[in-house]
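Shared between the two complexes below is subunit A, which pairs with subunit B and subunit C, respectively.
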Partner chain A sequence: MSTDLRRARPVALVLGVLAVILAVTAPGFFSRAQLAPFLAGTAPVLVVACGMAVLMVTREVDVSVGSQFALCSVLLGLLLGEGCPPALGIPAAVAAGALLGAVNGALAAGLRLPGLVVTLGTLAIGREALRWAREGRFVQDLPPSVQWLGLGQSLGQWALALAALAVATAVSLGLQGLMAGRWVHAAGSDPAAAATVGVPVRRVTFGAFTLLGALTGLAAALNVARFTDVDPKTGAGLEMQVIAAALIGGVSIEGGRGGILGVSLGVLLLAALSPALVFLGIPPEWERVLQGAIVLASVAGGTRRAPGRPTP
Partner chain B sequence: MTVLEARGVSKAFGQVAALRSADLRLEAGQVHGLLGENGAGKSTLVGILTGLQAPDSGVVAVGGQPVARLTPGSARALGIACIHQQPALVPDLSVAENLALRLDPPRALGRVRRDRWRSRALDLLERAGGGVDPDTEAGALPLPLRQRVEIACALGSGARVLLMDEPTASLARPDQERLLALVRSLRASEVAILYISHRLEEVAALADRVTVLRDGATVATLPAGPGRSGPHDVAGWVRLMIDRDPPAGHAAPATAADRGDGIVDPRPPLALGLRAIGCRAVGIQDVSMDLPAGRITGLAGLVGSGRTGLARILAGLDPADAGTLEMDGRKVHARTPAEAIALGIACLPEDRRRHGVICGMSVAANLALASPGRVFPGGWLRAQAERDLAGHWIRALSIRTPGPAAEVGTLSGGNQQKVALGRWLATSPRVLVLDEPTQGVDVGAKAEIHRIIRDLAGSGMAILLISSDLPELLSLSDHLHVFRAGRCVAGFPGGSPADVVMAAALGVEAAVARPPGEDAP
Partner chain C sequence: MSCAAGCKPADAPAASADGTRDKAGGPTIALMPKSKGNGYFVAAKRGAEDAASELGVKLLFDGPTEPDPARQNEIVETWITRGVDAIAVACENREAVSSSLRKARARGIKVVTYDADALPDARDFFVNQATPEGIGNALVDEAARLLGGRGRYAVITGSLTAGNMIEWQKAIERRNADRHPGLQRIALRPCDDLKDRAFAETTAILNAHPDVGLIMAICSPAVPGAAEAVKQAGKAGKVRVIGLGLPGENRRYLHEGVTDTVILWKVKDLGYLAVQAAHACLEGRLRAGATRHDGGRLGEVRVADGQILLGEPFLFTRANVDQFDF
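Take a look at the complex of A and B:
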């Protein structure tokens, strides 16, 4: 836990400064009416970012989460439209995500292909499959019963945020309390050395891809619940958002290092940037520039602090 | 005429002296053999002569003129070329392009002259022995031909000095002969050749003079030459290579048979038996040996003889594809590291892998990594159990660390090694395999490691000790096996004379290594 806290300190500091600036210049940001939809909208990103953080600690990356997210969203929308109850539809979305993640994992770990290459492929395939199946059509007129966590209901929005928080807590505890968590760190830090002590490195990689897929499916469900229809192009750019959040949160791009606390704060920081600019009256074009600068600054800071990497 | 000379050259890496005032003089038109054990300083000397490493003191002179700061570039310009064991060619470029890359001045805007490069490559390759198409990609060439490209490159650069580091080590017989013929023809064209080889017969047949290095110092430079260096000279070389005082701090070999209590146990129980073990992946064939409980079994052999391969088999990393392992009279398997750990076999890898510590993880997590059952009872981490385990081994091995939560990467090399050892001891192993546990370690730490190894054997553990340090091996081991070319070629009791063991490792006849009428020291 202590290393988690230490690693999260820089991003916590920046987030704190941003919060103070907002509290002084735009106290309206912290009103319940503003905060609830903000957190509900951030919830899906946080859930995906947790999975991405675990995967990146194993020294892999998945750029196909955006298309996985869209596939699961459309699937869930169609199921719900057919009258399937959410209690069945949501697990189905999670399972579909896990399956997509498992395909990536099998290709990366089984065939020893770089995850970046594999998921560039599955990203394109997923998007094209959706375009072919939906031809851009939204899944519309979701039954009102689906909106049990729906838009406008403040209670439902808090529930979404709490669900994401619960996921983040569970992943964080698992990473620290389970042997599998140790395996994730060991496999990412030094795969050859990890193998000598019996860490099943390839199974760890496969498992991390599958977990990320399942969490992406869950995130899709949390997102679908907020709207009355599903855009088949949803989730575009999600991969960069969560990878950036993981990097800001102290996850090393070289694997081995990272914790969920920092990543969660990284998600909040990136999400808060856009409304903060609006409240501060800064043109929205600056958002991406600021995001990029924050990622660069945190990665540069992180490499400087990381001691004693084994030279290959 | 002396073309290249090293005078009183010294070099230390950290606290370990690799060269102590070594001398070497290469004459034009002569082949000069350089002999020495693993770690005697041969590679460091080559590194200094090629400008890769700067000496701490001493002088390198080219053609009689001292050169202040030799760099790889200036060495090449002065006509010094080196043929490495593993030629460094750019795999995706053709042979002709590789030659151009090294021979032409490095100009970014220089023109690609395909035809000229090709005809030059053809000419140089022909002189180097032929058989290589200049248009093939270098990565597609087998090793002997890549080596030929390196030699062509040396010829093309007009090298007057050629340093050859174990050039025949990875060659099959016909390729070896071709290379030796090439060396002879280069000598005839007045090139000075430094020839490093563990194959002493080869050196005897080829060299005009021989220099023996021991512990980083030149112990002798002797005249040699076909007809002049007979088998007795080879035996003399072997003695020069290994003859030294045993390291201070221990006298007789430590035998479990009379360790302390006076009760002599002539046949200790067998902890692990190897029966005709073979593994194609690591090039090991038909290895049989007993690892008795409470005894230290030594494993001698040159680097590349398959010693580390045997460690990998026992660790479950490269499982055996022939033969069986025996434990308590039963056939057992170590097909994965997890299976090996479950059997009670622990393997501490050599330093090149940082002994297997995970630098980005804490001392406590590293110590607990091989014993999940104790720290994760029922699957969930018990922080107290982990702290206890870490605290125990930090004290027992006096690991110097700011605390159990410190990242292992921040510790010194010696303490990283102790973390790796502690991790394995925490599994309460019956068999402990140590691969070069004292390589690159200073004298004080060495004595501490020796003490730990003896204590572990005294507690009943079977120890397989792999080491290139022959005196260390002889003084610690109760029994000693010698590996050569993936086979176990000889066995000796502890305390056997070093020259006999060395002769077995080198593949020189023991009778040759020891002239008639001379008794064991």
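Take a look at the complex of A and C:
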């Protein structure tokens, strides 16, 4: 836990500075009316980011999560529209996500193809499939009972945030405490050495892709629950958001290290940027610039610390 | 799938080779959407059919199943071979389809574009559904009407860089300054053409600017996104929502009184006018340099710079939205 805390320190610092600026100049940011929808909307991103962090620790990456997210959202929307109860629809979305993740995992681990290349392909295929199937049409008028998981808006908003927090906690504990978590770290730090001590490296990679897919399916369900329509373009750009959050949160692009606490703060920081600019009255052109600067600063900070690590 | 060398009509008039420029029942006009199944173009086709039966024209309708410039070229080539008299195309890509349209014109086929233009030398006329001024004026006038001439509004745009969005934003600013000085735009936010992002942006605007009176969403997914945010904030009716979008995506919000007005053109009339224009070109009633065109049941419409103007945008409201199915 202590290394997790140490890695999270820089992002916590930046997030803290932003929070202080907002608290002084725009306290409305912390009103319930802003915070509840903000956290509910950030919950799905956090769930995907947890899966992405695990995958990145194995030294892989998946840029197709945006189209997985959209495919699962549309599937769930169509199921719910046909009268399927959420108790069946949500597991179906998770299963569909796991399947999409498993396809990526099989191609990357099974055929030993770089995950970046594989998922660039599946990203495009997923988006084109949706465009062909929906031609931009929303899945409309989901039954109102589906919204907020049937809990009503104010309770539902907190339920989504808590669900994401529970996922983050579980992934964090698993990554640190379980055998599988140690395998993930070992596979990412030095795959050859890990294999010699009996870590099933390719199975670990396959499993991490599949877990990310399943979490993306779950995230899609949490997002669908906020609305009554599904936009088939939903999740466009999600991959960059979660990869950037992972990097900011201290996950190494070279694999082997990373913790969920930092990633969670990274998700919050990136998600808060856009509404913060609205509250601070800063023109929107600055958003991408600031995002880029934050990612660069955190990656630079990470590599600066790297030589301090004992070299193998 | 491809119509490469094999079916390319060389220099010989291949049209007469297969013997059928069917003159029997009047001219043949071929209409192409960006994509066939899209409800927007299905509505346009219905208008085109009306015009065809009024004029005694044989109407062909074909297009890609999904937006695909290469497929549009193939279909134009097929139509050239078949020897149709006029072609009306909604171009998926301005440059891509222009070469085959030029070829069609070289064979004496009249070409009009509608909804989205080709390069000007590749067609006789463009049936333009709305100018930036038309859109900007309609949006700002409607905002002024709803706010009683005085108040603050925020604009949600699709992107800060897309050419058409920038033109609309400028037209909005001009109309605001010229006619409605009591209106003040307090924020402009991009939503990347995503409904969910439009929701988040609108939520932040509502909380950061409690005095905002109206949200103006100028890309189609942003209109329902903004409406949902206003609704969830419990501000339906207090903060007005208007925008440029499809009536079908906003039907529920219009009926619930969250969204007041959705602005678009009558797509059916666009298809109708495209066929009317193609027919007028064939008959020589419409030539380069014209300033007026007899738009059939639409009456006389303006023509300027090779563009036939459909006219003012149409305002979809709770009262009329159910008459439209796209």
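Here is the rule we use: the second predicted complex is superposed on the first by the 301 of 312 C-alpha atoms of A that agree within 3 Å, B and C clash if a C-alpha of one lies under 4 Å from a C-alpha of the other, contacts with A are read in each partner's own complex, and residues count from 1 in each chain.
Here is the rule we go by: contacts are C-beta pairs under 8 Å (C-beta built on N, C-alpha and C of every residue); 3 or more make two chains touch, one makes a residue touch a chain.
Remember, it's a predicted structure, so these values are computed and weren't measured experimentally.
**Student:** Let's test your reading of the overlay: on subunit A, do subunit B and subunit C clash or fit side by side?
**Tutor:** fit
**Student:** Classify the contacts of A:Asn223 with the two partner chains as first (subunit B alone), second (subunit C alone), both, or neither.
**Tutor:** Second partner only, subunit C.
**Student:** Name the contact category of A:Lys233: first (subunit B only), second (subunit C only), both, or neither.
**Tutor:** In the superposition, A:Lys233 contacts subunit C only.
**Student:** After superposition on the shared chain, which partner residues are touched by A:Gln176: those of subunit B (first), subunit C (second), both, or neither?
**Tutor:** Only subunit B is touched by A:Gln176; subunit C is not.
**Student:** Regarding the shared-chain residue A:Trp132, is it in contact with subunit B (first), subunit C (second), both, or neither?
**Tutor:** Touch status of A:Trp132: second partner only.
**Student:** For A:Val289, select first, second, both or neither according to whether it touches subunit B, subunit C, the two together, or no partner.
**Tutor:** In the superposed model, A:Val289 contacts neither subunit B nor subunit C.
**Student:** With the two structures laid over each other on chain A, which partner does A:Pro37 touch: subunit B (first), subunit C (second), both, or neither?
**Tutor:** second
**Student:** Once the two structures sit on chain A together, report how near the CA atoms of subunit B get to those of subunit C, whole Å.
**Tutor:** Superposed on chain A, the two chains' closest C-alpha atoms are separated by 35 Å.
**Student:** Going by the contact definition given at the top, which residues of subunit A touch subunit B in one complex and subunit C in the other?
**Tutor:** none
**Student:** Applying the document's contact rule, which stretches of subunit A touch subunit B when the two form their complex?
**Tutor:** Within the complex, subunit A contacts subunit B at residues 2-3, 176-179, 182, 185-186, 188-190, 192-200, 252, 256-257, 306-310.
**Student:** Show which residues of subunit B lie in contact with subunit A when the two form their complex.
**Tutor:** 315-317, 336-338, 340-341, 347, 349, 353-354, 356-362, 365, 368-370, 372, 376, 379-381, 405, 407-410, 423
**Student:** For subunit C, which residues count as touching subunit A in their complex?
**Tutor:** Interface residues on the subunit C side: 35, 37-39, 65-67, 160, 187-190, 192-196, 199-201, 203-208, 210, 221, 224-225, 228-229, 232-233, 248-249, 252.
**Student:** Under the touch definition given earlier, write down the residues of subunit A that touch subunit C in their complex.
**Tutor:** Touching subunit C from subunit A are residues 26, 28-29, 31, 33-34, 37-38, 41, 131-132, 135-138, 140-141, 153, 223, 227-229, 231, 233-234, 236-237, 274-275, 278-279, 284-285.
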